[in-house]
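Two complexes come next, and they have one chain in common, subunit A, joined by subunit B in the first and subunit C in the second.
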Partner chain A sequence: MSAIYFSVGPQHAGSGHFRMKITLQGDIILNAEPDPGFVHRSVEKIAETREYLQNVPLIERQCLSDVSSVTLAYAMGIEELLGIEVPPRAQYIRVIMCELSRIMSHLYWLAIFGIFLGHSTMFMWPFGDRDIFITETAEKIAGARVSYSYIIPGGVRYDLPDGIKEHTLKTLDYFQGRLKEYDAIFFSNPIFKRRTKGVGVLSRPDAIRMGVTGPTLRGSGVRGDIRKDEPYAAYDELDFEIPVFSEGDAYSRSLVRFREMEISSSIIRQAFENLPEGDFKVKTRKKVPEGEVFSRVEAARGELACYIISDGTRKPYRVKMSTPSFRNLPGFSLMKGSMLADLPTIWMSLDYWPLDADR
Partner chain B sequence: MLAVANAFVGRLRSVVEKIVNVNPIRYIVNWGKLYSLWPVHLTTACCSVEFGAANCPRFDVGRMGVAQFFGSLRQCDLIVIEGTVTKKMAKRVKKIYSQMASPRYVIAMGACAISGGLFYNSYNIVKGVDKILPVDVYVPGCPPRPEALAHAVLLLQDKIRKGRVNITDGE
Partner chain C sequence: MNEAQIIDELRDKFGERIGTPERLRQHRIVVTVEKENLLDIAKFVKDTYDLNYAISVSGIDYPEQNKFVVVYHLCTMSEEGHLPLVLTLKVPVNRQTPRTPSLISIWKSVEWHERETWELFGIEFEGHPKLERLLLHEDWDEEFPNQFPLRKDFLLEDE
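Coming up: the complex of A and B.
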């Protein structure tokens, strides 16, 4: 039987702006080659032409489903260069925003994963719940639906509005009830288990060798999370655990994300409990002193690092982002040797976000 | 011989076009187009986040008879350009548009699709999708809210309702 060659994407809803070149023999994928770069918008180069503060919305656009973590990495870098101390209240608000953003990003992933596996209910539910988070929390706190540029160097843009604690806790109560339903209808569903268990197995040594990150790494039994390894913002004052599953298949990767949504909810509750009073922002200078800085955070998809070189002017000399989706790109080689029907499972279990990878 | 035949077909066409554009017939043809605006499965950049939200329970643009995703390009009438079109993507966008059967409509969603938006000085983008496709409705915003997209769909339906039927469309 001769092999056939075809591409999946970019004209396909789930794939987004991304293409897979697949060589298929019978039902077995012989070769799977990712073709990224459909949304390379040269964020890093443009960042050199704009002022430090103007870069916040620009850098945010590279990962619109998880905006807070991206802007936080950038803001932390500049704060280190400026040598300023962010007030504790701002640190807590940042934690709240990052965890909200993590939940929303995971819900987005869950929706697409659901539809990729042909489960339309699991497409509608998470998307509906994501919108509740957007309108009840993010929009009330930051004033925009998804692109809010809320975390800026020096703190956050506005203080929390009145009554947001009650709103958020109510949303989380509802959401934690929903998680049980998700579990019943999807994660404990025998069909889901049959379709994901033992599919796309990434062993622990392979995961480390490939340099994958985030839930993909933790699904292979490695306890790697910047929130614990190198705590930033207020994470060292909060009590939470890191979910790790050792099977390394699509099922354990999805369970990591599922558990993370629960844990994020508890982190947000704790952060509201311990929220200190005080300033939410300190004044910053427009000119940033000369120097280089490397900062990293744990975004929803994994470790996100930002490297900034400043030459003492109002604009950065170089901004380099190392993004989790790009680091998870080698994971697509797991498709080799698997069946064609497993392609969507492996694809979405990596939670690849093309914008994040191409920048 | 061919010239005569061509002239005949041309005359026939103009006669048919005149008949079709008489009001009741025109109305019925346009009414048929109005509620079958099925978009292509194509996402070009980050505006897709809000496009997804527009399709989902809270906003549900589908209740206007549009935005029900459909697999085949031949049966799609609408292409929503969701954000930045890079040079690499532009080739594919053109190819996809040319595979769609007429009548076909284009909605340019987001500042990037209108004029380049935040990335106006990038070296790798097409500054405005109207450079490569004829755009019917522009939706400003970065990203536009789902309500704005719903409004754009209504505007497009209004445009179709008022428009002439063009039987030579797409040739």
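Coming up: the complex of A and C.
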């Protein structure tokens, strides 16, 4: 039987504009090559032409499902160059926003994963619940639904509104109840287990060698999480665990994200409980001293690093964003040798986000 | 091993060949090496400090100094996670003949990053198996022959 060659994408195949070049023989994938770049906007080039603060809305657009972590990595870099300390209250608010962002990003992933596996309820529920987070928490705190440019160098843009604590805790009460239902209908579902267990197995040494990051790495038995390994914001004052599963298959990667939603909810509760009083931002200068900085955070998809070179002017000389989706690209090679029917499972188990990879 | 010890050891071992290793802050070291010594030193730091995990590869353009700098960010990934140390390896490259050895033989994961740097800066990575279009449009060469968007002489329309 001769092999056939075809593309999946670049039309929006459910997870963004991105193409997989697939070579198929019978039912087996012989070769799978990712072809990113369809949504490349050259964020790094444009960033060199704008002032530091103007870059916040630009840079957050590289990953709209997880804006808080992206802007936080950038803000932390500038703060380090300026040599300023961010007030504790702002650090706690940043944790709250980053964890809300993580939950919303994982819900987005879960919905698309559900529909990729033909589970339409799992498409509707997370999108519905994500909207509750958007309207009841993100919009109330930051004033916009998705791209809120809330985390800025020096702190956050506004203080928390009155009554937001009760409101968020109520949302979390509802959500944590929902997670049990997600578990019953999806994660404990025998069909889901059969479609994901043993599929797309990535061993621990390969995961490190390929340089994958985030839940993809933690699904392969490596406890790599910047929140613990190089704590930033207020993470070192909060008590949380890092879920790790060692099988390395699509099921492990899914469970990592599922557990993280629960853990993020607990982090948000603790952050509200311990929220200090005081300022929510400090004044920053527009001119940033000469130097270079490499700051990193744990975004929803993994380690996100920001490398800034400053030449002492109001505009960055160079901004490099090393994004988790780009680093997870080698993970698509897991499709090689698997069956065509497992393609959507492996694809979605990597939680690849084309905007994040292409920048 | 702390940053000062690493810097001392690198100086002892490589002397002239390694420039001046610099400590930016806690857990951040910058080492500048010439491309002739790159493979030796990269292999040494990987084996000695167990820097098995390449985070990113980037380029910087310095037209006034007639050079590019290729920057590798490296760290250690154990079963228990990242170690906080990040070692930055900088390689100056002549702007007229932008070539440097690929580090794929040492860190497999730099493959996509080097390909991106090749495309956006026009820096050739010798020994890289696949320097092909990655992020830019496939018709880029027809419209912008020999132009590389992240170089400083590539201006945006509103600049």
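The criterion applied here is as follows: the second predicted complex is superposed on the first by the 356 of 359 C-alpha atoms of A that agree within 3 Å, B and C clash if a C-alpha of one lies under 4 Å from a C-alpha of the other, contacts with A are read in each partner's own complex, and residues count from 1 in each chain.
Here, a contact is a pair of C-beta atoms (placed from the backbone, for glycine too) under 8 Å apart; a residue touches a chain by one contact, two chains touch by 3 or more.
On a predicted model such as this, the values are computed, not experimentally measured, just so you know.
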Touched partner set for A:49, first subunit B, second subunit C, both or neither: both
Contacts of A:307 with subunit B and subunit C, given as first, second, both or neither: second
Subunit B versus subunit C as contact partner of A:1, first or second or both or neither: neither
Subunit B versus subunit C as contact partner of A:64, first or second or both or neither: first
Which of subunit B and subunit C A:10 touches, first, second, both or neither: first
Comparison of subunit B and subunit C by subunit A residues contacted: C
Intersection of subunit A interface sets (partners subunit B, subunit C): 37, 40, 42, 45-46, 49
Contacting residues of subunit B [partner subunit A, same complex]: 40-46, 48-50, 52-53, 55-59, 69, 73, 84, 86, 88-89, 92, 96, 118-119, 121-125, 142-143, 145
Footprint of subunit C on subunit A - complex, ascending: 36-37, 40, 42, 44-46, 49, 80, 204, 208-211, 217, 221-226, 228-230, 242, 291-294, 296, 303, 305, 307, 309, 317-318, 320, 322, 326-327, 329-330, 358-359
Contacting residues of subunit A [partner subunit B, same complex]: 10-13, 16-17, 37-43, 45-46, 49, 57-58, 61, 64-65, 108, 111, 123-124, 127-128, 130-131, 134-135, 145-147, 355
Residue numbers on subunit C that touch subunit A, as the complex places them: 24-25, 27-28, 30, 52-56, 58, 60-61, 71, 73, 77-84, 86, 88, 107-113, 116, 120, 133-137, 149-150, 154, 156, 158-159
